[in-house]
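Shared between the two complexes below is chain A, which has chain B as its partner in the first and chain C in the second.
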Partner chain A sequence: MYGGGYVFSDPEHQIPPDDPEKLAEFEARIDRGEKIEPQDWMPYEYRRQLIRLIEQHAHSEIMGALPEGAWITRAPGFKRKLALIAKVQDEVGHAQLLYSAAETLGKSRADMVNDLLSGKSKYSNVFNYPAKTWADVAVIGFLIDAAAIVNQVANSKGSYGPYCRALERICYEESFHLKQGYDAFVALATGTKSQRAMLQDAVNRWYRPIIHFFGPPDQESKHSKQLMRWKVKMASNDDMRNQFLDSYVPKVLELDITFPDPELRKDPQTGRWQFGDPDWAEFYRVINGDGPCNAERLAVRRLAEAQGRWIRQAIMNPQQSVTIPFA
Partner chain B sequence: MIDDKSGIQWNSEDPRVQRLGTFFADFHPLQQPEEWVTYEVFHQRRRGEQHVHVGSVHAPDPELALVFAKEQFARRQHCSSLWVVPSSQIHISGYENEDMFSTTPDKTYREASGYRLRHKISSYKQAQLHESDR
Partner chain C sequence: MNPTVELITKMADDALIIGHRHSEWTGLGPILEEDIAMASMAQDKIGHALALYTLLQEHFAGPDPDTMAFSRKPADFRCCHLVEHPNGDYDFTLMRHFLFDHAEWLRYQMLRQSSFAPMAHFANRISGELKYHILHANTLLQRLARGSEESHARLQAALNDAFPLAMGIFEPGPYEQELAGTGVFAGEEILKNRWFLEVEHRLLSWGFQVPALSDAPAGWGGRKGYHTEFLQPLLDEMAAVIRSQPEASW
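The block that comes next holds the complex of A and B.
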């Protein structure tokens, strides 16, 4: 599912200087539109930011499977149950693909899993909200997946080969997710009065987290300019959010479902979407571990890890040592 | 529901969480051997086609690598056969030697389209025709 990680600059972190000659060669390769492969030289900061980005993306896929997974037993009807099982399986598969891509940069999978379980790593804000009704599953499947696709299509044109290849595969599978989400959304929107009320309630609760999903407004920082130059970040948070609103707000409004924001409108002059203050303080609270469901999600994830331990140990091969995948 | 260990009260919307009764809220890090080696996966869509590299999986042995590869790379698209190879068994030429693959910029002599004969045959026939006219 779920879009790239957030890029936070931490001025504390010491960035060692790169060899200027190799850096020039590296940047020339990116300017020519060539992909960077794991065996290539790359700047320290390029590697560090990519590990963070891909790792956060992988964690988001894993954690994103939890709110929807809880609805498999309660999905209305056999076909929707089958589709939801397939979708949740895909999300977990996407995490595997992304972990492999991040591993090629030198961080082991065990370290990534441990950083998630210990609460050190971040993941997408949206999965720390509850899925109260079936309409939440419809909203996640339609609007959150759509938001993620905007992110992922952009990132798949980035510069790092293994990440791009993983994303191409992911985007191919996501198209079915989006369509089944839209199908569930439309079924409720064109249904009975109480179905419509349930959907409207879910949209009201998810509107703000979705605005948050793309990350805070971009500051003109040297940092993000460099990441754009290196094609780690392909578009600004605001541009991606705008692209999403442009494509999907009309699809919701035409079903006479509304958004709980009187200021949401497209400026006819600039063509940009405007919205009311989404309370970025809430975004930071959620992303730093203090959202409505952070503790529960992490507990469920730890439980899964603990329950799987006996089988991992049973098939463990003590002679083996870790290898890094090639591509 | 109250977690036995932490004493935290959970008001979860998730029926599984309500059923669990307790949480393993403690964090037990993964140990080194729990992280398996990687296998590169090659996927053949249909009999007669090439096996194509599609990615990698972590597995403790080749048998399970095939099981994971099936789940990861053959759950959607058609598949007739999979290969798995330990990543450490693959030998690569390395991008530092990438320039050895570019020899002469003009390789038309290696392509069928680099050989144009029709005009020669036509002008030969033309010449023959004039010959017989005489």
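The block that comes next holds the complex of A and C.
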């Protein structure tokens, strides 16, 4: 579902210098709009940042399964229950696709998962906030998925072939998630007084994480220039945030649900959305591990990995000989 | 109760509750691929429950499916104890899936000839997806049975736990003779014997010790509305949101 708010790392000190001729050829290919494939030459830094990007995206998918997944057993009615299982299942499927795309760059799934569990790799901040009520599921399904689509449609036009192809399929599924999220959102917005109150409360709590979702303002983003040159990053954080606000704020307001930000408005002169200070210090606190649910989410993920270890070990056992075809 | 209603109710309740248990693994599975497979089967099972409750509504003036699933008391449920038990570790989940799904597959194979035409139609319709449930259980168990000493030992222990409970699938209902006499369903005893033939040779070939069939099993009671202590909390959780505002629609 979710990319967004990626944190690219500072270039390492000992980057091997790239062959200037190959680099020029590589950049010319990108300028012509060609896709880079796994077997092609690519700059060291391009590979490193792409691994980081796709890995964070994949982690976000499996961590994103946790807050919503916790509501599967409580979903109200067959329709919502079946839709929610299917949706969370899709997210896990996206993680599988994305880990595979990242593996083409030379890092194994096991290494990526280990880096997630140790806290070395990041994932989207939004999943470090709690889903307290059923209305949170509607807000996540509608607004967070909508934000993710903005981000992923942009990234799907990027330069790395395997990632783009994964994203095309992901975006197709996300558009269904958005529909089910909106449907659940509208049901609450047009429901009883206490359903509306529950929804308003959820929107109030999710507003800031959603503003944070696209990452810090452009002037704070250090690495964007080269990454945009190489089509690793396809749109600036501020542009994507603006596109999201432009498309979805009106859809919420027309349901008589409000946002807890008196400064949120579209500037008629510039056509850009303005909003109050979203406290970027909080964004950095959460991404560095100190959000409301970071510890809990990682603990659940570690438990799931530990519980499944015997199965992975048995399946990967090199001693095992399989002579009978399974199917 | 009408014999056909009784048959459909227990099948629907089994599907709903095992589907609920399977769905608890979503996002927490041992491998991504397995997580996806289990979530897929959870959707199928819950979808079958929905379809069966809909049959009751359409043909026997039953309540709407949401009421059947979310508003009944435990004593009104007719599911077997096997499906009620918590997931435990993946070994129990997997062994239960194997034992239950073989019985379910064979039951629907028998029902393809049912004199109750809507049931025969439904059994034909879902036969394709049930085949994949069996294939999944067989494939993974076969691999794990030979995977490592630990996996083999865990699955043998899970089999020892789940097998007596699986006898509860075949607990005779009050209308066995009527159902057989009218050609709706040939009966639990026939199903149990067919099931044992199916599962026994597989389990033996994977090196497991197979418990004996028992006629006085601990796993009985569910078909008469007597349930384990696990059902009430499960139903409370399932209905938590709906019950918070019974007049609302969601």
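Operating definition for what follows: the second predicted complex is superposed on the first by the 305 of 327 C-alpha atoms of A that agree within 3 Å, B and C clash if a C-alpha of one lies under 4 Å from a C-alpha of the other, contacts with A are read in each partner's own complex, and residues count from 1 in each chain.
Throughout what follows, a residue touches a chain if its C-beta (ideal position, glycine included) is under 8 Å from a C-beta of that chain, and two chains touch if they have at least 3 such contacts.
For clarity, every value in this text was computed on a predicted model and none was experimentally measured.
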Inset, instruction - Once the structures are superposed on A, label A:R302 by its partner contacts, choosing first (chain B), second (chain C), both or neither. - result: first
Inset, instruction - Quick one: classify A:F78 as touching chain B (first), chain C (second), both or neither. - result: second
Inset, instruction - Could you say whether A:L253 touches chain B, chain C, both of them, or neither, answering first, second, both or neither? - result: neither
Legend entry - Touching partner for A:A24 - first (chain B), second (chain C), both, neither: neither
Legend entry - chain B versus chain C as contact partner of A:Q89, first or second or both or neither: both
Inset, instruction - Check the residue A:I62 against both partner chains and state whether it touches chain B (first), chain C (second), both, or neither. - result: second
Inset, instruction - Using the superposition on chain A described above, determine whether A:Q313 touches chain B (first), chain C (second), both, or neither. - result: both
Inset, instruction - Could you say whether A:T192 touches chain B, chain C, both of them, or neither, answering first, second, both or neither? - result: second
Inset, instruction - Could you tell me which stretches of chain A are touched by chain B in one complex and by chain C in the other? - result: 66, 73-74, 89, 93, 96, 300, 307, 309, 312-313, 315, 317, 320-322, 324, 326-327
Inset, instruction - Report the residues of chain A in contact with chain B in the complex, numbered from low to high. - result: 37, 39-40, 66-67, 70, 73-74, 89, 93, 96-97, 100, 103, 108-110, 113-114, 117-119, 130-132, 165-166, 169, 173, 295-296, 299-300, 302-303, 305-307, 309, 312-313, 315-318, 320-327
Inset, instruction - Could you pull out which chain C residues touch chain A in their complex? - result: 20, 23-24, 26-36, 39-40, 42-43, 46-47, 50, 65-66, 69-70, 89-90, 135, 138-139, 142-144, 146-148, 150-151, 154, 237-238, 240-242, 245, 247-250
Inset, instruction - Would you tell me which residues of chain A are touching chain C in their complex? - result: 62, 65-66, 69, 72-78, 80-82, 85-86, 88-89, 91-93, 95-96, 99, 134, 184, 187-188, 191-192, 194-195, 300, 304, 307-315, 317, 320-322, 324, 326-327
Legend entry - chain B residues touching chain A - in the complex, by the definition given at the top: 3, 8, 10, 12-17, 20, 23-38, 40, 53-58, 60-61, 64, 71-72, 75-76, 86-88, 90, 92, 94-96
